[in-house]
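Look at the two complexes coming up: chain A is in both, with chain B in one and chain C in the other.
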Partner chain A sequence: MSDVVPLLVAVPILAAVAALVLGQWNERVSWGVAFLASAVQVGMAGLLAATVLGGETVRYEVGNFGVPYGIELVVDGLSASVALLVAVVSLGVLVYSRVAGPRTPAFHAEYLLLVAGLSGMSVTGDVFNLYVFLEITGLAAYALVASGDSGRAAVGALKYLLIGTVGASLYLLGVGYAFIATGTLNMADLSEQLADVGYSDPLVLTAFALIVTGLAVKSALFPLHTWQPEAYASAPDSVSAFISALVSTVSAYAIARMVLSVFTVGFFAANPVAQNIVVGLAGLSVVAGSALAVTQTEVKRMLAYSSVSQFGLVVAAFALATESALVGGTIHLLGHAIMKGGLFLTAGAIAMATGARHVSEYRGLASRRPFLAGSFAVLALAMVGVPPAVGFVGKWYIALAAVQAESWFIAAVILASTLLTLAYFARLVERMYFAGSPPTAPETAETPGPTTDAAVADGGSDGGDAAASTAVAPSIVALVAIVAVSAVALGFVATEFAQMLEQTLPELLLP
Partner chain B sequence: MVEFTAVPPAVPVLAVALLLPWLSRRVGHALGALATAVVMAWTYLVPAGAYLDVTFLGFEAVLFNVDGFSRLMGIIFGLIGTAAVTYSYFSDAENVQTAYALTYVGTSLGAVFAGDWLTLIFFWELMAITSTLLVWDYGGPAVRAGFRYALLHGIGGSLLMAAIVWHYAEVGTFLFGSLGGVDHAAGMAGVVPKVLAAVGIGVNVGFVGLHAWLPDTYPRPHIAASVFLCVFTTKTGVYGMYRAFPDGHLWIAYMGGAMAVFGASMALLQNDMRRLLSYHIQSQVGYMVAGVGIGGALATAGAFGHVYNHILYKSLLFMTVGAVIYRTGEENLKKVGGLAREMPLTCLAFTIAALSIAGFPGFNGFVSKGMVVTAAHHEHLDALWYLLLIGGVGTFMSFIKLGYYVFYHGERSHSVPDANRGQQAAMLSIAALCVAYGLYPDALFGILPGHGAEEAHPYTIPHIQEVLVLAVIALVGFFLLKKPLAKLAGVPDVDSAYEPLTFYATRATVRFVTETYAAVDRAAVAAAEVAMDTARDPRRVTRYLPGREEIGFDPEQGHVPMDTTIGTSVLILTVVLTAVLAVLLV
Partner chain C sequence: MIEDLLLTRYNYVVVVLLLGIGTYMLIENSNLVKKVIGMNVFQTGIFLFFITSAYVEGGAPPVVEHGGHGSTYVSPLPHVLILTAIVVGVSLTAVALALVVRIYAEYGTLDENVLREVRADE
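Moving on, here comes the complex of A and B:
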């Protein structure tokens, strides 16, 4: 079983090369290669998750170099869930990108590299190896954002690149400090050595500060989020869906991994200030992200700021470091990826169909594009945390943990975030369902009916302010609807998933 | 006996309700009657105990809890469900209406078989929703009444929920204290939950002052819908009251007495037939609430016996009055008269029901009402005892009034046939049960919870004398007061005061909130704009100059809020890192 673990990284990297080379011969082949690799990835990750959630932790020593000197790959319940998420989401977005583009071999190669980087971050048990995968992820993501072919995308990608690199470097500096203090890079070994060095040692404290700040940049916590809205908004729709669902998610996972597996709860017990800083930063992120989202006029930017807020919630949960908090944080981490990825896909499909990219242009969308508007509304409500959707379950566990830990600040923040999330999504839902169609919009030629938005192109543009509407492939509408349904359906299985997680998580919480 | 306990009794009823709109009227109603009949037999046979304990969001819940109390409720709910579905079929009820009615029955069953407060409140709220839908289905004036009904039950349900949450905080579990293996005492714990629960459940049982929904809602929907409505909500309320206060409470007992008198007096003043009956629900539920409030074996058994009997004769009353409305189309008792000749069987059924509700010896109301009154006497609650007796007089008088005007007074107003065969069958079988349980009370005592039935001796000379005296007083009183009573019709109830009050208060609140919000909003937006203009890179101002456009800037949208340059971002990053280091290291 443990042989599957390195393949999670190796398969997408090899496939990336294959996609690039074969794509020179025929562009279409590169999509096929990417699809095949993603499907294999789903299979492997699923197999791994099934093993690990049974209660067994899988370890693999790369190149048979003994631990703690060699690189170790470690898969427990948390990392297996994230790896599975990466595989599933990348497969889904790939299906979407076949219609929505980009379709170049370069895109597919970068895409697969990103998958490799993300999978590597999920399974690695070595802090320097984590940095390597962090950089692979980052480089692939910068390139993907820049594939938008517009000046705006180039600027967005450049900003992402510069700030992201500074963040990654801070992380590397932190690893360096930890290495000086302990002489090891293996996570499990590091956690013991750090305890021996002493949690109040300045080297250890500095390492913690650098690592957490660096990863906070990557997961876009306020006020370190500044690269993120422009990167998400300027990238092609497939790319924004993909990176919004995964890149920050895996970075947040990395924070959890560093905080819980490397520094451990013992570090928090010895330095309550450190815990307060992380919880405070996360809480601030929740409120500020939501407040900024309310002020946005562009839908994709609004969704991006929403991520700032939701990751605040996830990181706050991990920093609380109790059992329910971990369960809630993990569920919300995974659930958010599905919901936010789905929202970006839907927003992209809506833009493809009607050209609407701003909040004001969503007026009366429900009557023109009932399926797309419906999916968007379902996903938005799921994100708000309306039961029984998965967004509710995650928030519920986090709120429960906050109350149990008597962390009233986080409890209040969760309540406020629900209201603020409602505020910015209600704005859109209201526009879509209750405001009439804009008077200047071209009269649509479609007949009202449930299948129209999939099958019929409506009348062209009148040359006014509204962009031309075009047909959307049925497969895209179906994909979007599936995501919306699964966001709700996952809410029903989340409780069972929580029980499985609870078997694998407690060892993370041992002091 | 595992197969009996695999699913809660609510499930088959709800399943039939979901199927009903797609079936023919005949098959659908037959299935509905069958399902409720099966529920009756099933709850009779299933052994006591708590089944289907599940975990929901980390809380323990019991979906099927069988003890003497829930068994009794299940039997009578199933029995009356069968009769009411039959009556619906023969009263031209639409499939959809009966489907709503069956969801209402199903959710009530769910509530009474709940073994924990969480499940109870879940079905309790669903019951409020389904009954509102049942009212709304009729359209017309029923819609507005339905709104008021939903609003009041929403408030009541929220109060009960608050009580339950607080109770949970006190004892750490939602499970009923009466279940085995639960280590807190049965009932609500602590003072605040008790008050909240009493008021919240008080809405459902129609405490004086909280009762206005009852006469407001029940007369308005379809006649068959009224038969359903008069049974489930208030009786589930009595059941819930018992679960919250298994040992009773003096104030609740006196509230019951007040309800008995108030309901009967208001009923005496009504001319709308179903409205009159609705006030009598309040009055009769008053006896049950008094029984629960007095506490002790006899009173509790009496309260539940009265629930059982009341459901029989009150649904019978709604059926007979419904039959009169069905044939004549009149809701007002002044507009009908002398119908005894026209509708002899309906008249017979009505007489049996009226004698039962008045508690005349030989009819079932006599037995159970007597148990509550006797318990009040035994406990030396003299004031309560008198209240209950006065309520009895009021009941006699208002049913003499109703029967007199509808069936005897004046020339016959309509030449109409009697109730149709199906309605007759439903009415006469319930009437037969009223008499049977009156003449042979042991049949009822056998299924009453607790040992209270052993203390009940209904047919004693003083008891019979007592009732006969009340009847005579009522008879004399009615014919003395007939004239003045006729002029007193239309006395306002509490709702004429609080409905305008709520309306204007709500409007004022909404205006105040929206105006405040608008003011705050204006202030916040202005402040935010000033702040952003100050914070933004000054060079951005140049972007507003004509003829200049930059990459990454969308001219259509103006400025992008809170967008920072790369330099500023790195500055922020440095500041944050420095701050974190400073806090950790210093």
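Moving on, here comes the complex of A and C:
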């Protein structure tokens, strides 16, 4: 079983090469290779998740170098869930990109490299190895953002690259401090050694600050989020769905892994100030992200700011570090990926169908595109946290944990964020369903705001030019509807998933 | 105190300088290519930090010959890590410069402020 773990990384990398080489011969083959690799990835991740959620942790020593000297890959309940999420979302978005583009071999190669990087981040048990996968993920993500045709995409990608690199470098610097303090890089070994060094040692404190800051840049928490809206908004629709669903998600997972597995709750017990700072910044991110989302006119930018807010919630949950907070954080992390990815896919499909990319252009959409508008509304309400949906379950557990931990600040923030989330999604839902059709033809409607090249950023690369009111492939409408249904359906299985998680999580919470 | 720091810990002083200069260039310089250079300088600071941490006074290069044990060696692990980090840095620079070339081809400028004006008119 443990032999499957390295294949999670190796298969997509090899397939990326194959997609690129075979694509030179025939462009259509590269999509097939990517699809096959993603399907295999889903199978492998599913197999691992089935094993691990039974309560067993799978370990693999790379190259048979003994722990703690060699690199170790570790799969527990948390990492298996994230790896499975990566595999499933990448398969779904790949199906979408077949219609929506881009379809070049280079795109598929970058796509598979990103899958490899993300899978590697979720299964690695070595802090330096995490840095390497972080940068593989980053490089592939920068290239994917830039795969849009417009100059805007290149500018967005460069900004993402510069800020993302500083984030990853800060993480590396933090790893350096931890390494100097302990002389080890293996996560399990590091957590024991750090406890021996003492949690109030300046080296350990600095390492914590640098590592969390670096990863917070990558998951786009509030003051460090500036790269994210432009990167998401300027990328092709398939890419923004993929990146928004996974890249920040896996970085937030890395924060959880570093905070809980490496520094452990003992660190927070010894340094309540550090815990308060992380919780405080995460709470700030929730409020500021929502407030900024309300002010946006472009739908993709609004969704991007919404991510800033939701990741604040997830990180706050991980920093509270109680059992229900951890369960809630994990469920919201996974649920957010499905919902936000789905929202970006739907926004892309709506843009393909009608050319609408701004909030004002969504007027009367429900009568013209009932399925797309319906899916968008369902996903938006799920994100707000309307009960049966998965967004509710995650928020419920986090709110419960905040009350149990008597962290009234976070409890208040969750309430406020729900109202603010409602505020920015209600604008869209209201326009789609109650505002009536626009008086003028929607396709020639002027695009307000400074970012008027939005329509160009759309998949010009697919050659279809995404002209107004073109028919959308039924497969895309079906895919979007499936995502919307699953966002609700996952809410029903989330409680059972929470019970499975609770079997594997307690070892993370041992002081 | 200061002399002590400069004489015995000068590597760390240089690390801090490199990190500071790199960050400053990254934030303050409006030329995109110079921003990329700033990013490189910043990373170089981190490389030096790791390499310095590996140093052992009187340590030999970590090449163990047949039967040769017992002497002091510098730690080889940070060197290996930084070798990897340098490779990552080179790839990042390549991608960044490729993007800069594309931005220049699209907008005809490398200056961030001009770029902002050009894009506002679009």
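Everything below uses one rule, namely that the second predicted complex is superposed on the first by the 485 of 511 C-alpha atoms of A that agree within 3 Å, B and C clash if a C-alpha of one lies under 4 Å from a C-alpha of the other, contacts with A are read in each partner's own complex, and residues count from 1 in each chain.
In this section, contacts are C-beta pairs under 8 Å (C-beta built on N, C-alpha and C of every residue); 3 or more make two chains touch, one makes a residue touch a chain.
Here the structure is a predicted model, which is why all the values come from computation and not from measurement.
With both structures placed on the common chain, the touch criterion links A:Ala143 to chain C but leaves chain B unconnected. In the superposition on chain A, contact of A:Leu210 is made with chain B only, not with chain C.
The wider contact with chain A, measured as residues touched, comes from B rather than the other of chain B and chain C.
Look at A:Leu292: by the touch rule set out above, it reaches chain B but stays clear of chain C. With both structures placed on the common chain, the touch criterion links A:Val155 to chain B and to chain C.
When both complexes are overlaid on chain A, the residue A:Val166 reaches chain B and chain C alike. When the two structures are aligned on the shared chain, A:Trp227 is found in touch with chain B, with no touch to chain C. When both complexes are aligned on chain A by C-alpha atoms, chain A residues 151-152, 154-155, 158, 162, 166 touch chain B in the first and chain C in the second. The residues of chain A lying in touch with chain C in their complex are 128, 131-132, 135, 138-139, 142-143, 146, 150-152, 154-155, 157-158, 161-162, 165-166, 169, 172-173, 176, 179-180, 185, 450, 452-453.
Listed in rising order, the residues of chain A touching chain B in the complex are 151-152, 154-156, 158-159, 162-163, 166-167, 170, 202, 205-206, 208-210, 212-213, 216-217, 223-224, 226-227, 229-230, 234, 271, 273-274, 277, 292, 295-298, 301, 358, 396, 400, 495. Across the interface of their complex, chain A is touched by residues 23, 26, 32, 35-36, 39, 42-43, 46, 49-50, 53, 77-78, 81, 84-85, 88, 91-92, 95-96, 99-100, 102-103, 106-107, 115, 119-120, 122 of chain C. Those residues of chain B that touch chain A in the complex are listed here as 57-58, 528, 551-552, 554, 557, 560-564, 566, 568-570, 572-573, 576-577, 580-581, 583-585.
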